[in-house]
Amino acid sequence: MNFASDNTAPIAPEILAALGAANEGSAPAYGGDELTARLTSQLEAVFERPCHFALVATGSAANGLALSLASPPYGQVLCHEASHITLEEGGAPEFYTGGAKLAGIPGTQGKLTVDGLQAAIDAHPPLPPHVMPRTVLSLTQATELGTVYTPEELSTLTAWARSQALKVHMDGARFANAVVSTGASAAELSWKAGIDLLSFGATKNGALAAELLLVFDDALAEGLAPRQKRAGHLWSKQRFLAAQLLTYLEDDLWLRLAAHANTQARRLSEGLADLPGVTLEAPTEANEVFVHLPAPLQEALRGAGATFYPWHAPGLAPSETRVRLVTHHATAPEDVEAFLAIAQKSV
Amino acid sequence: MNFASDNTAPIAPEILAALGAANEGSAPAYGGDELTARLTSQLEAVFERPCHFALVATGSAANGLALSLASPPYGQVLCHEASHITLEEGGAPEFYTGGAKLAGIPGTQGKLTVDGLQAAIDAHPPLPPHVMPRTVLSLTQATELGTVYTPEELSTLTAWARSQALKVHMDGARFANAVVSTGASAAELSWKAGIDLLSFGATKNGALAAELLLVFDDALAEGLAPRQKRAGHLWSKQRFLAAQLLTYLEDDLWLRLAAHANTQARRLSEGLADLPGVTLEAPTEANEVFVHLPAPLQEALRGAGATFYPWHAPGLAPSETRVRLVTHHATAPEDVEAFLAIAQKSV
Amino acid sequence: MNFASDNTAPIAPEILAALGAANEGSAPAYGGDELTARLTSQLEAVFERPCHFALVATGSAANGLALSLASPPYGQVLCHEASHITLEEGGAPEFYTGGAKLAGIPGTQGKLTVDGLQAAIDAHPPLPPHVMPRTVLSLTQATELGTVYTPEELSTLTAWARSQALKVHMDGARFANAVVSTGASAAELSWKAGIDLLSFGATKNGALAAELLLVFDDALAEGLAPRQKRAGHLWSKQRFLAAQLLTYLEDDLWLRLAAHANTQARRLSEGLADLPGVTLEAPTEANEVFVHLPAPLQEALRGAGATFYPWHAPGLAPSETRVRLVTHHATAPEDVEAFLAIAQKSV
Amino acid sequence: MNFASDNTAPIAPEILAALGAANEGSAPAYGGDELTARLTSQLEAVFERPCHFALVATGSAANGLALSLASPPYGQVLCHEASHITLEEGGAPEFYTGGAKLAGIPGTQGKLTVDGLQAAIDAHPPLPPHVMPRTVLSLTQATELGTVYTPEELSTLTAWARSQALKVHMDGARFANAVVSTGASAAELSWKAGIDLLSFGATKNGALAAELLLVFDDALAEGLAPRQKRAGHLWSKQRFLAAQLLTYLEDDLWLRLAAHANTQARRLSEGLADLPGVTLEAPTEANEVFVHLPAPLQEALRGAGATFYPWHAPGLAPSETRVRLVTHHATAPEDVEAFLAIAQKSV
């Protein structure tokens, strides 16, 4: 009953097998290999257009690179005050951009709104060159509270961003979960909704370590390859990154893996929501459940072997009862049922 | 009736004269000159101990250098949410530190408190290496709302900082005004109160362009000279920075200039506070008055030729009536009286 | 007959199998897993002492991190003028250090000497703060010309470095090949010879993507974890890096793989050296052969399907006949023999 | 008899007077003042076109800012191996650019040539993304050996640079001396000869501390103001920088000051060149004399009170007899004659 994180999950068997299959003889280094070429086509099919991309091993690298393309070092990146990029990436965006500022903006249930963004600017209006110019809007999809932006919500936000001359980045560490949740296509949730750069995660959803940075705006892509290289994120044996992602995208594997995770989270959420004393912090729209569990209930669950973390974040009232439950592609439905059974017995 | 900023002020005549006096023949470049040597002694007298220092032309340079000595690039600098270093220095601290994050903390009347600081940490607890470690506390003296920390308040804050392994920086762009306001000595308001690095301003208080970065902690001073040089802030003809500061500190000129500015601000503040519809945003303890003036009153004053700015900052409720009035070493008392006379007539 | 690069090689079967074996159920993320714990012990055994380490996917990341620990941003890193860190890492050292300068120093057959280093300093003597202080000596082992430093040579260089207050980094992308070549132990070729930080490569020698940064100097390790994180080089599923390296080091697999590569290179070198018109650029002491092949011979070999690159580098006279032949853990002896047979026929 | 450096010189009386004249009452801060506006027009007249500019206090700041506009952080700046930017600015270019590499290129008598530049590229050909792309050519005018590029030489170099997609920066710390020396106009020695960015010095030629960064390429100017601010190089009381430069440029003061310095250097050079055992290192075309003086002669001169430095630089053969003699706007002709008289007596 491990609901600690999707980072604790194993590799999906299909992806592990793909690594073995890729291990045949020599292959050109640094992306000159055949699998990378095939991935290029596959991405074009999934996103319904050609795009620039880089393959890296971590989400922090993808996000850092993306922001370094979208903002000069003297810019401000607008993001949710609870966003991973500003709270938990150890300063990667600041490092990659060379000193940009991440401006955390409040927003309920993990989501930014045009009103919230505009209010933050009004409270500290542009004053060049004293006030760092706002240069980027970064959105997390699915959000840090397990909710999901609809294509319409995204379009509203990106239209506002464009009116402010901001580029738009999406941290899609759980993009697959959002695609499954909304039923929209990958294109509809990204460039068709005004996203310029997408960090498209696979590691949390079944890969060994593989993330894609997709750049939809040609002008932003110029520095992509040299910045990836200088960050030490260009793999010599890139075929083994390409193999993971190719398999991930082929035959909708990525969507099936995410659908499983989402289903388990929804089941957890529904099973808990009816219990007395239990309240959801936010609707469960992807693979994370943010929920208040009374202390005795937490104790009972942990006593029975369940693993999960308490949750604190800027913008949320201090609370000892809030926890996060994360499901993933390999979460066993029996674990979910066992967890709920204990919960029902223990309230 | 120019109350726009102490940056609009002229050079104090004594300091201008000192530049002429320093212009005799050749002098060794880059700080090897005699005036720099004399300044070393003078600083030791004023601060009651030897200290490391650098002479630079702007406060942003002094602050940026200070923070680059006190924090690694992966650290967080705790500062007031309305502090100049995070709002209006164009990202200088981020540039100088190589990517540190400035964490804005709320605090009433421009002042940080231990409770406020601790609450910010509790809302986002340390989690290495994901959460950037807090490395520095930066305090502004006088504050961005014209208030002043007492030595006792500083000691409380720096004791807490030390318990958290934080270095303490003071942005003393208006340090002279704070010294005059509290009646404490320069030492009592700095290293004796636990300050490790002090940006000691002179430009707003009568210099042409001259700021001192003082480093009281020997271990922090190691990178001072090379960082100053690589930032392009080592003057070849340093004698002309030293001359300004030497004259500034000799015969208490700095205190006399600041006392004049403080007196004018207090007079303004007292004269306005009694008027109907006028309320102070914060007590006037240095050379800045933050005050709410009804719109018709503002109009009347501006119509009569007065210059001043509206004031907005994170942490302050949006308001169209809040303005900032700044006095300085050369503010004419007649201007203050004229301003108050118009105000009295216009309410 | 692919002698283009050891980066084109596949994964060693033992290491691929280890990835599958590591894929059992959940595991704590970010290095809290059991395999990382076991690797800690294994490293202590191989290096005969405990050491700080970080697991990353590329050599550029390991080198960049190492130099960022060893040098402030205003320092100079002394390295061979043909070293990979200054020529072919896209500026990774400059990025990670925040702007240090890499000073390329000449040296025959890829090796630096005390005389060469001292001469470079004498030609541009220290002049603080104008001249950036020399802070690090970085050595490549095996060198960029396929030669190997003996423990005695290393000790001589590191003793000089210590006399200049320099930290010493070793770029050991081909460290295994050097260990096999010298017959010295891992400890004798690193910390016992005065090395402070070692980039210990595995990718070129059979791993999928796995490099170790080892830090032998406790004081230098302080920033290791936060710098790794902010660079996006902390894997969530670190068990899959640890699994590669654990298997690499267990049962001397790393030495067996390197021995195979070295043997093939030596065979190539010996087979070519006797041919008329063929001369070695440097002795073949690891897994790279730098050799002058007359143009018709090159043509014949390429015509028969052999792959290899011409070689140019600062410090080498311009030449159209110089090529590099690289062997690796999976180089087929039959390919070597076939290559030599064609060469013999074609001269 | 101080020939140590033009950095030891005093302020020209006209410029000192201008500071006093500028000190009348309040003036808008940060460049909103009237003197800055007048300087804008004056620059347009001198350079025969409008241009973007920033006022700063040091040449290192001007150079660092210029390079940060012209190169991404992953680029290489081609410059003479003895250039000030790579040898003696403490890493300012690396800091400002965020990690660009300065590639020192040999060239006789302080000058770069197309052949020398092309040879350096051929020795280490482009290989993206491994080899950092060459992005900028930086030329020093007058050069570090006291020679001067003619407009024709500049045009040849900048045409080549353009063919390589390089931007061209000129470090004009002694630009005035070059203008006087060549008889060309400011425009002919800068943008008309293909220069994109010019660091136009005044400090060495009579200012207190004032340098101009001129940007002739509109596209490069975008980041100028925010980068100047974040570097702490935007003066609040900018009128006092503008006043210096306005006076410097009015009535050809800058040319008269430089002409005086050049004349004294030529006299020194001619007077020494005929002495037995004395040889010039390079022709004296500006205000610096690089000359070999036998040790006894140096001793005699120093014994008589003369001040000057020995000179070493990469690209020059090690020599104990090479010295640098620098003249400036305030060098007394009697000092020159006295120096020569002693020299003649002492050989």
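To keep things simple, chains are lettered A, B, C and D as they appear, and every chain counts its residues starting from 1.
We adopt the following convention: a contact is a pair of C-beta atoms (placed from the backbone, for glycine too) under 8 Å apart; a residue touches a chain by one contact, two chains touch by 3 or more.
Small disclaimer: the values here were computed from a predicted structure and weren't measured.
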item: Interface with more contacting C-beta pairs, comparing A-B to B-D; value: B-D
item: Farthest chain relative to chain A (centres taken as mean CA coordinates); value: D
item: Interface copy of C-D among B-C, A-C or A-B, judged by whether over half of the contact pairs recur; value: A-B
item: Whole-Å separation of chain centres (CA-atom averages), chain B against chain D; value: 35
item: Separation of mean Cα positions, chain D and chain A [Å, integer]; value: 50
item: Inter-centroid spacing, chain B versus chain A (mean Cα positions, whole Å); value: 41
item: For chain C, residues contacting two or more additional chains; value: 30, 73-74, 89-91, 94-95, 98-99, 129-130, 132, 226, 229-230, 234
item: Of chain C, residues touching chain D in the complex; value: 73-74, 86-91, 94-95, 97-102, 122-125, 127, 129-132, 312-314, 318
item: Footprint of chain B on chain D - complex, ascending; value: 2, 4-5, 7-11, 16, 19-20, 23-30, 56-64, 89-92, 94-96, 203-204, 208-209, 226, 229-237, 240
item: Sites on chain B touched by chain C in the complex; value: 30, 72-74, 98-99, 128-130, 132-133, 223, 225-230, 234
